[in-house]
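For reference, the structures are reproduced in the following blocks.
Each of the two complexes below includes subunit A, the first together with subunit B, the second together with subunit C.
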Partner chain A sequence: MKRRWLLSLMAGLALMAAASAQAADPVRIGFAISKTGLFAAGTGSQFDTYNFWKDQVNARGGLDVKGVKRPIEFVWYDDQSDPGKAVQIYEKLITSDKVDLLLAPWGTPAHIAVSGVVERYKFPMVGDSAASVKLRELKPGNLWFTTAVMPDRFGPVIADALKANGLKTVAVLTPQLPFALEVKSFLMPALKKNDIEVKVNEEYPPSIKDMTSLLINVKNANPDAVLVFSYPADSTLYMKQARENGIAAPFQFVMVGATESWFTKQFGAATDGIVTMGHWSPKVAAWKKAQPFFDAYEKQFHEAPDYLDSALAYMSCEILEQAVAKAGLDKDGIRKEISTETFETINGPVKFNGVENATTPASLLQIQGKSMELIWPPSIATAKFEKKPAWPAN
Partner chain B sequence: MIGRWTIPLIVALAAACGVPFVAGDYLIGVALSLAMWIALTESWILLSGLTGYVSLGHVVFYGLGAYVGILLWGEVGGVLAVGGAGLASGVFALAVGYPALRVRGPYFVMLTFGLAEFCKYIVIDVEAGLGQFSRLLLGGPSVLQLYYVVLGLAAAATALTFFVARSRLGYALRAIRENEEAAETVGVPVAFCKLAAFALSAIIPGMVGALMVARSSYFEPSQVFDPIVSFTIVTMAIIGGSDDARGPFLGAALLVLLSEILWARAPQVYMILLGILLIAFVLFAPGGITGRLLSRPVKVKP
Partner chain C sequence: MQAILSWQLLFAALVTGSIYVLVALGLNLVYGTMRLLNVAHGDMVMIGAYVSYWLFTLSGLSPLLSMLIAAALTAALGALAYVGLFRRLLANRQLVQRLEGNSLLLFFGISIVIQNLASLAFDSTPRAYQYLDRVVAIGNLGITENRLAALIVTGILSLVIVLFLRFHIYGLAIKALMQHREAATVVGIDVERVQILSFCIGFGVAGLAGALLSMMEQITPFMGFPFTIAAFVVVILGGLGNLLGGMAAGLLLGILETYGVALTSPSLRSVLIYGVFILVLLVRPQGLLGGKRVVR
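Coming up: the complex of A and B.
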């Protein structure tokens, strides 16, 4: 009796194995993402975009691997917002799960942490939600970054935008996180060069729960612009407490979080006039793939894509897809393809110089009414900067 | 006692040395983190288990070692950087231990926790002042090399705690734990003993810190001074049993195993389970696994 049961089980397994061999073998793509921990609130749009891309590609019949269409399958883990964990995960993905391709984790710390792993295993990966001049120290070869907001480009861009709009005094609030501090270090000399006076310059811990005392300093200084180099949690905090404290600066900038759809949903009319970091918009006519991406994304998720992370994540997927179409799954081929070719993305053409996206300009977005506009630099602007209206009464 | 535990320990060490021959890089990574936790928890036991001065800021030595390690690694090479990291942590412990060990009980717990946070923000400020917001250590040693070095440190930490616990110093430390005034009255040099234990418990975490930076190839202050490291050490010691060098093996092994099983699919469950385990052990088995399961029954005198 027992033996017969075992036999039928084995037969069943054999059948299943045969069946799966007949269908096209999936391309397995691995990544880590912070589902829990300090960064969890900011990672949703990157994760959604990866899945959106996967679904799109699978609906087209699969990923084009040198002419053969194969379905995409994800292998992903939660890195708990711990870059050390991300290192372990990418090792696991490469050596134990033996994935065919990699997508990037969320945020600069995790990107830098896994750079050692992709280098050790010579496994090419297109990065997205990371930016740091430190990245240029990485040996070009296995990691590239789609971002256009490298701190040494982004800092001066903010100063230029302030100057061009006649704003002469600023308050600068910076969480003690690498990217934020780095942007600030390039912003300060640029402000000085443009004769913009820094009235408040404070740093705060990233886990801050109350910034009232900082904001009272800001209010007393009454600057033309408030620049908060915040992440989702402290961007949210700023929105609440700046309104409570009646911060009235015409230019109010929060760095990460404002491009996500939950941000405008949560704060409604209060977001009108908020300036933030981002270099993508569906409204730039020259970027032909931008509007179709926006429409398809909105149709699937019933919300707009994140102008920052969704755009970056999708760009990294597009670049990988185009490289694999030509080079297949061969690591050397993919590496050569990515480092030399120009890729057509939703953010326009992208060509890498070393590890860096050398083509997309660093820029600023502003929420104007219900829409998100690129306001600087003028070469890609979709609207002019508008002074932030008074906070809504309630 | 030594005889009973020598053979299993040697077998365990031999098995640990053999791991890389049968395991892939990922499993070696897991074994590396197990060795790391054993080294850290053994070091913690040397101070907190024996003296009862519970340090909730042991990450400060790890973080400091990491910082010194990354500063030195590129300049003088890995061996000297790791040595320098251990030395720096030891000297730092001597310097802060003298005033810090004057308070005890919950005050010492809070002080050590605060000290670690304080050092974290000092390092953040220093790094910001230097225009460095994170540092990279590229081309470091392979996971295999790191594993053997950290395994060596885990063995060294175990041996250190094992022998200290059985030395005159160990008896003095336990006397301090049970009743510091009485110990002082009978002539135990309490200030010296406590300071010695504090410094000894700092050196190996410092070295481990430097090595783990080489492992992640990335240094960022808030990461290497993460208070979770301190909490994990204390949890492993409590679950394993904190009076003896045997405890951390069981505590660290259990938690690393649990986290390996759970992190990939249910990280929250892992944290909840950790909390439940901790409460359960404090309530029902304050001596930890070693204290509860391995001790001979005590005969109660009528």
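Coming up: the complex of A and C.
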């Protein structure tokens, strides 16, 4: 009798040990990010935010997988800003590393490239720093665009903002990259509809090293607005050379880079008045999780989060986290959950229509003094558009 | 058309060209004296840029001073590479036959090692600082001071090197080595010493160019490679081993790139550069000024 009691005790202990071992088993999440190459300057905030989220979740005891908390472990590789490498990495993550979940790479070219991989393996992945109307038209089932700046919404939003602020002429400079070109293709008809005259319309290679000839044309055309659909490297180049060339347009837009902390550090007062892409702000009271996220991020990194990429990266993590809490690690369950549910994020509620974030409005940010303000559309604006002051002498 | 006649464009062309002149000069020197194809040359530019960046951010030292430290450091690296690797190869008669090809592979390996060490040490976040960042307006022309400073320094340095090669005894010895290696030995030139000097000057000038660039461009561990490519184009345009030809070709490439882009489209930049490059190779394979490898 005594022996049987002991046996059952041992069996019970063994079971418990097994259960706790399982509970402590990490959830392995894989992704690629451009640590080197053309886009490296832009990816830091996405990478930091992924890690920030991981640390937060692990500090809470782990990722809630259908009620069981398990620590998160990252498996990541540098895709060298090469979409082809990103494809190989996601293949490897799925087939050889056998990760449980995926996070997105940085930027539209890599998203487009890996969409084929996640489709082939039916592996759901919440995208973040990317959007493509062309890809949306292919109706992928395992990739979602968290961003609100879908080109066909963002292009017209820019035209509306120009019109509302009485700006009648524009110069458009576009690097030859998929997202930039798509935005431009939807911007042009919208400008025409709003009777805004396009005075300069030029494309350039993303690796451009000198913009002088483009900017001389812009200066001679003297438009009310300059729209540069740039990425970090060419945003930097624009900031330097627009100042040297004395571009005086009251509305000057650079697309990617301006929301990142290094941008304001590098250019100081010259950034005052620069308009950029972004749809998040901690100042919108309705987004209850926004300010706490801002505060916690600032506390850890001693700098503000990137209003574009940090916000997007964190949103995609939140969506994945909430889906896994309900569906566990089952791919079909996660896919169904993401496609149908509404998620509470730092950017307000997000619900997908097909691949597209259907709830968050596409909008514009402006650097005003030292703060970053949503200036358009009026429904979520935290400040009014201000004309860009003259470039500082130094 | 207005753009073509603008002073702004001429200034941009000169700045681009002058950096090409400086970077190509070092490459040409090492090739001219020893027939070594240094594809790690751009990485010396990168190292120079980091030296100035760190000295400026940590101690506020002006890059116009720290460029000398950058040059000294990369020159020392050049000496190290010579003593550690190439001296033996150059001394071995059998290996010398295959030296051009072998040096290409060796430097390629060195380049990968340097880039990845830099990436490990500094990570790949692009870095930049602001120095001499004021825009000076001269009439309609806006000039950022640091670009002007770079232009002046490259101008002075190119002149100094030209004078050195024409009048200094070691400069003459370098030229002698370029013209005829065996004859130079026969007339009593200390080949060993001249070779090490070429390495030091070649690498040092690249480091200095990097220091100048760091004022104007973002710095990353991988910034050097495009300069290696540009330098090769310049050197081949000007005639391999022809220093004056290389200088002219550097300026020409800067002008060609800037004006070509202004006349056509920025998308055609590479087409223009390599198009002219191939054309010159077809019409004048010895380079624009490359006669019979005469260095005057």
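In the analysis below, the second predicted complex is superposed on the first by the 369 of 394 C-alpha atoms of A that agree within 3 Å, B and C clash if a C-alpha of one lies under 4 Å from a C-alpha of the other, contacts with A are read in each partner's own complex, and residues count from 1 in each chain.
Keep in mind that, in the parts below, contacts are C-beta pairs under 8 Å (C-beta built on N, C-alpha and C of every residue); 3 or more make two chains touch, one makes a residue touch a chain.
Everything quoted here is computed from the prediction, not taken from an experiment.
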Combined model on subunit A: subunit C and subunit B, fit or clash: clash
Contacts for A:K193 in the overlay, against subunit B (first) and subunit C (second): which applies, first, second, both or neither? neither
For A:L181, select first, second, both or neither according to whether it touches subunit B, subunit C, the two together, or no partner. first
Answer with first, second, both or neither: which of subunit B and subunit C does A:Q88 touch in the superposed model? first
Which superposed partner A:K370 touches (first subunit B, second subunit C, both, neither): neither
May I ask you to decide whether A:K168 touches subunit B, subunit C, both, or neither, giving the answer as first, second, both or neither? neither
Have a look at where A:T36 lands relative to subunit B and subunit C in the superposition and call it first, second, both or neither. both
A:K288 in the overlay: touching subunit B, subunit C, both, or neither? Say first, second, both or neither. neither
Partner chain(s) touched by A:E119 [first = subunit B, second = subunit C, both, neither]: first
By the touch definition at the top of the document, which applies to A:A393: first (subunit B), second (subunit C), both, or neither? second
The clashing stretch of subunit C against subunit B, among 95-103, 131-139, 149-157 or 203-211, is 95-103
Subunit A positions touched by subunit B in one structure and by subunit C in the second: 35-36, 176, 203, 205
Interface with subunit A, subunit C side, in the complex: residues 2-3, 6, 8-9, 12, 16, 119, 123-126, 128, 130, 133-135, 137, 142-144, 147, 216, 218, 220-222, 226, 257-258, 261-262, 265-267, 269-270
Show which residues of subunit A lie in contact with subunit B when the two form their complex. 35-36, 77-78, 80, 82-85, 87-88, 91-92, 95-96, 108-109, 112-113, 115-116, 119-120, 132, 134, 137-139, 176-179, 181-182, 185, 203, 205-206
As the complex stands, subunit B meets subunit A at residues 24-27, 29-30, 33, 121, 124, 128, 131, 133-136, 138, 140, 142-143, 212, 215-218, 220, 222-223, 263-264, 267-268
Name, in rising order, each residue of subunit A that touches subunit C in their complex. 35-37, 40-41, 44, 176, 202-205, 208-214, 216-217, 220, 232-233, 236, 240, 243-246, 262, 266, 268, 391, 393-394
